[in-house]
């Protein structure tokens, strides 16, 4: 029990989180104190935890037991332990939590005196704790308990601002969806237990691998349904764009940055870790789901003008990208191609980390915008780059990273995914080249659309003229919030420039879950300080590229100075074609910006426009006109609404045909049952 | 002896048919009274034999109870209640009489089909009586279903009780006395409570048509 | 002498009949319920410390073993809590002029009579007396259901008494058949209808008659348990009764009826040598109840009848688990009885607080409970999550056990269907009820908890429920195992 | 090192010439004398000396954009070797492959689109939104095309792709290559805002895309923007000529060989420019919303090429 001892540090961080939760309740009278103290606890906890898991991974990993509790109720046994896979995801969680908690210190200040900050922070800490527990769950029941706790705590965080009824609705949709998913997961876990009698999932002694194929497939379907709902893959995504805007931004950062990744963890843990991949169609399914999610996610994101809903749809897209990586990996494994599998799964894991970083950052940025302009609608923003320069820079970094543009980390993971696809194709042994190349195309398309979408987000909200008073009055956010975002931005750049830092860690994971050797395949001695990756003849070194670009830019500056001398420049208004001076109403709106794409894909968006004219004789003397354009979510309209309506009608019918209120009817039920049962007794 | 019992049980069954067939409340209260009387008669005979053979008087006690309650008191109570609450005459049943009769006979046939399937009761010759009594029970329930008035349901419940009691009496000899006593206590309190509630229903709904009690649905 | 606990509620009945002073009555009933609880807990302690299948106390027709002790403890412990709660609740109704002095008296007389009948029903070994007692529970509680003398409550009471009486009558027919089936093997009149002896002699009983006995008993007691399609009285009664009474009905009464069913099931299964016959019926009715409850809950407008439907659902789960009749599933069923009783009573008691604030059970008229009643609101929402099977509460742990038992029995389809139906119930509860808690409360409702005792009771119950999820005293586990052995083994 | 200098000089120095040639071809077809071939050099020289008018609405993004765009495009230029003898291939910047090329260009485009939005002018917004649509529609087909070429050469690095086609006798005869060639030509026209996608000659707001984005720019910033655009165009052309029309003839080693190589390269580029000019003359500009059809065409072509590769290619 010393600080050199990983488990000890780890336990310490858990205890710190608990302390944070308790402190939040204890100090709930004093909002400021409660907030600062519990967030400090979270910061400390995540720092310690990060240290311990990094050390664990670099020491070569293995399984470490943290905590065990065996209740004397049968089957109820809590076992917390972690191996490399868990510690990698925990690392993501800790990094994210570290930044977000720093951010929260400043961000939550706008709750002071308005809301129960103590309760909020209590939920915040327990949410982090529950996510940790999901990663640490050593056996089936612990996993399920942690999973449900995570859902419940996040539900309460989503509905925390419960004056707005849409938040409550969003929360309801969220928890119902996630609980239905959980039911499938539970069924799968039950089947696993019933068939093997084994309940350890971390360090299970390989019993799950002997489950008959049919049941493995059944479990796989259940897992895809259950975890897919949590991950928000289409068509189970509808809760996601509702829940994320409802939650306050630091929570959405955690939810989108990490919570939906627990699904990735679950899939890896149960299918790869417990069963091992044997069926080809598993990989195909995941791949196809990934393609759909990637393309449709970004496509829907383009149509959104509420920053947080836009980001939520981008989470769907990125989950899709991760799924593409996983799918390729699973396919490769089922074909016994460990080289490709290693790269693909590494790419998926890497993208998980990256998405946590930049999406977390983006949500924090959205939070800052909301904090200083208290609006989420980018049509109300504009010109913020002058009011909040640092936030703008960070947001720019995140936008570049999520659009997979060099030299940020998003590009590296997508590059790895492309490489795995390419390597798999060049093996070319299997008949599904088309799906695979389509996944490459989907990646490219999604990347390009994402770039457009973030040009829209950044351009409309930060550039140009402010479109509303609140945007005019915006001020830079407090330093804690800035530093929270700054850390993430710096990490985005760092992991882009030196990806091998992360890949070293990931190698431990891939070698553990599927016995895949990674570093040998990607390492490259010729390119300096673990900056570059080279697979076969394909090389990539963001650091070098950045250097080149910088050199060229400097060269350009010098060249221009030499040829053109010291340039004179004059400030003047934007060209207004000689009419009245440009004002904010004349600017291109986000709606207009995305219109071409809306028109091109009208089949998908079902755009509608409504012009309502008010006035006593509207057609001749209109007082007021309302013009509304929008798009329809086909999934909600044609799947969910239908199902829900059907269910409710069915329920009402049953209710009023069974519970008619007529006592004679009730008595006749009894008589009929008697007769039926007497028949049963006579016949059987 | 057995034949005698059979005959009485058949009569009891017939009275329940009469019950179903009767239109007016007073008339089916009368039918119920006759049925109880038949039950009491059977008990009296049985009790007499018991007394002669083994000097047991519990059967006779039961017989007395039956006469006191089911032949005298309950019909009286019901009639009084009926006089107090019923102002207007309205159609009391959902289906017309022949239909009801047909269904009841169907029930009897069904029960016979079922019970005859059962191998043996301790001794063979009670089967007939058990069949009749079980059909009386089911007919009682059926009667409750078909009558709208609260009183009709009380009577139906009483008929069900009669059937069960008959089943005990014919089929299951030597049921402990305490059980029978308990049954009677429950019966009395039950009927009293129901009678009380009939008044309340009449007050609040100004009718004892239980078909109007349909606010609690869903 | 150990059956003295039966006398205490009777004494309470008499005293509350005699005493004039309202407050004194409160004191008496709370004290008596406390004494009853302590006595039964002592019995439990004795029983646990007596090894083997646990101590079996018998005195004449009175009889107790580990199984009855469990139900007994549920009755008395919850009886204690509910009495504490009732005092405050009734006092408030009295102050607000809803009821008069006489009704207060009546309430406690009937309440204790109710408790007494339930205690009798689980502490006799004669099925006939068991029947008498259970019929008596109906008679004792019918006026409690119709307590407020409104149209709805009267209607509910009428349906309650009629349907339950008919059902119970059928149960008695079943008992007659039970007797008939045993006439061949009964040695002495003391053994007549005596389930301990019948279980011993089970092999000799006449199976074909016994089957019918079980059918009728299942039907009759099933009516009282609230298995679909005989459940129809239950939502009405639970929604109209005063909240403490609903808590009593749904948390306690249903168990004692279920007790009767399970007792008979043991005899039948021992006789038939397998649980196929009974299992089919129990599983069928269990699933049917769960399904109907799940579907109806989806569009429920009244939070008390929603809770009633959830009781139906949980009784279905218990029936399901008991139907499988494996040691694990029986254990889980008993565990579920306990957890459900505590959770459900807690919920009904908290609805009492809400009802007295908002004066309506209509969900759509209620908003912002969390602001009006911070404590009971929180208890209620957490309790709802618990009853819907969210970890780490008791209901979850035993549902997990039950489902595991089902799946381990290779009944994958039944298991998956149950899992999905439970999820649907959760969805229904969240969808219907949770909007009550949020938003701005209506202006006329003044916020703030009152009735400290009542709130304290539900908080304590919540703590118990939360604890039951993960921890259970070894004694209790021991007891449950004994009960499970008694039920499945039969020999005691 | 020498090669890198050559590469840079070639790319940046040659780029303006292409526009000149294309313009000349068009002028010729219209019986005009047209501007001198070197006109764009004069323009750039002039612009470098002129005063800049900077919109007061704009922010540092606007000022930084020209340099970032130019820098990234030039860096991308380093990835595409113009001189394809052994030395030239090896000297090409090894820190990247086809994907890096695409996403480096994407960096430039990102800033270009931002710059369009920065001034708050409607033209800029319009331009960036259109640019966004076109580029994202073109992305999949270019990627599949290059992937297919990569598969044919067993690697995604441009160097390997080019040396692969060097090893072929006449790559354009290969059905896969010819299909991908058409794909890349469509992409070239689209990405460099040429007819039928955009008409660089007009400033009519109904049609313009690239011009709209850089409408506010003036002086040296405009010069850099124009130059960058030209370089981007040259990059794509270089890809085409060096992959589909490589110099397979054996050349003397050392300086003379390189010199010949460079000359041949320029010749091929000029020829391609003439072809593009002819194409521009022969076809009319498409309606903006029929561009997706063009993209679809190229995508289908790319897929066909890919399938072809798997059916007959190996």
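A, B, C and D are the chain letters, set down in written order, and residue numbers restart from 1 in every chain.
In this text, a residue touches a chain if its C-beta (ideal position, glycine included) is under 8 Å from a C-beta of that chain, and two chains touch if they have at least 3 such contacts.
Keep in mind it's a predicted model, so treat the numbers as computed, not measured.
Q: Hop distance check: subunit B to subunit C, minimum number of steps through touching chains?
A: Tracing touching chains, the least step count from subunit B to subunit C comes to 1.
Q: Taking each chain's centre as the average of its Cα atoms, which is closest to the average over all protein Cα atoms shown?
A: Centre-most chain by C-alpha means: A.
Q: Tell me which of A-B and A-D has more C-beta pairs in contact.
A: A-D
Q: For subunit A and subunit B, let me know how many angstrom lie between their CA-based centres, rounded off.
A: Between these chains, centre-to-centre, one finds 70 Å.
Q: CA centre of subunit A versus CA centre of subunit D: separation in Å?
A: 36
Q: With chain centres taken as the means of their Cα atoms, state the distance from subunit A to subunit C in Å.
A: The computed centroid separation for subunit A versus subunit C comes out at 44 Å.
Q: Between subunit B and subunit D, tell me the centre distance in angstrom, where each centre is the average of that chain's C-alpha atoms.
A: 100
Q: Quick one: which residues in subunit A touch 2 or more of the other chains?
A: In subunit A, residues 655, 659, 663, 667, 670, 674, 678, 681 touch at least two other chains, as defined above.
Q: What residues in subunit C touch two or more of the other chains?
A: 158-159, 162, 166, 170, 212, 235, 296
Q: Any two chains that touch count here, so list every such pair.
A: A-B, A-C, A-D, B-C
Q: Help me check something: in the complex, which residues belonging to subunit B touch subunit C?
A: Going by the criterion above, the answer is residues 117-123, 126, 130, 134, 137, 141, 144, 150, 153, 157, 160-161, 163-164, 167-168, 171-176, 178-179, 182-183, 185-186, 189-190, 193-194, 197, 200-201, 204-205, 210, 213, 215-216, 218.
Q: Quick check: in the complex, which residue numbers of subunit A touch subunit B?
A: Counting only subunit A, the residues touching subunit B are 655-656, 659-664, 667-668, 670-671, 674-675, 678-679, 681-682.
Q: In the complex formed with subunit D, which residues of subunit A make contact?
A: 382-383, 385-386, 400, 403-406, 411, 415, 418-419, 422, 425-426, 428, 433-434, 437, 440-445, 447-449, 451-452, 455-456, 458-460, 462-465, 526-527, 532, 536-542, 544-545, 548-550, 552-553, 556-557, 560, 563-565, 567-575, 582, 584, 586-588, 592-597, 599-600
Q: Which part of subunit B faces subunit A closely enough to touch in the complex?
A: Listed in rising order, the residues of subunit B that touch subunit A are 94, 110-111, 113-114, 117, 138, 141-142, 144-146, 148, 153, 210-211, 213-218.
Q: In the complex of these two chains, what residues of subunit D are touching subunit A?
A: Checking each residue of subunit D against subunit A gives 45, 48-49, 51-61, 67-68, 70-72, 74-75, 78, 93-97, 99-100, 102-104, 106-107, 109-110, 113-114, 116-122, 124-126, 128-130, 132-133, 135-137, 139-140, 142-144, 147, 150-151, 154-157, 159-160, 215-216, 219-220, 223-224, 288-289, 292, 299, 303, 306-307, 310, 314.
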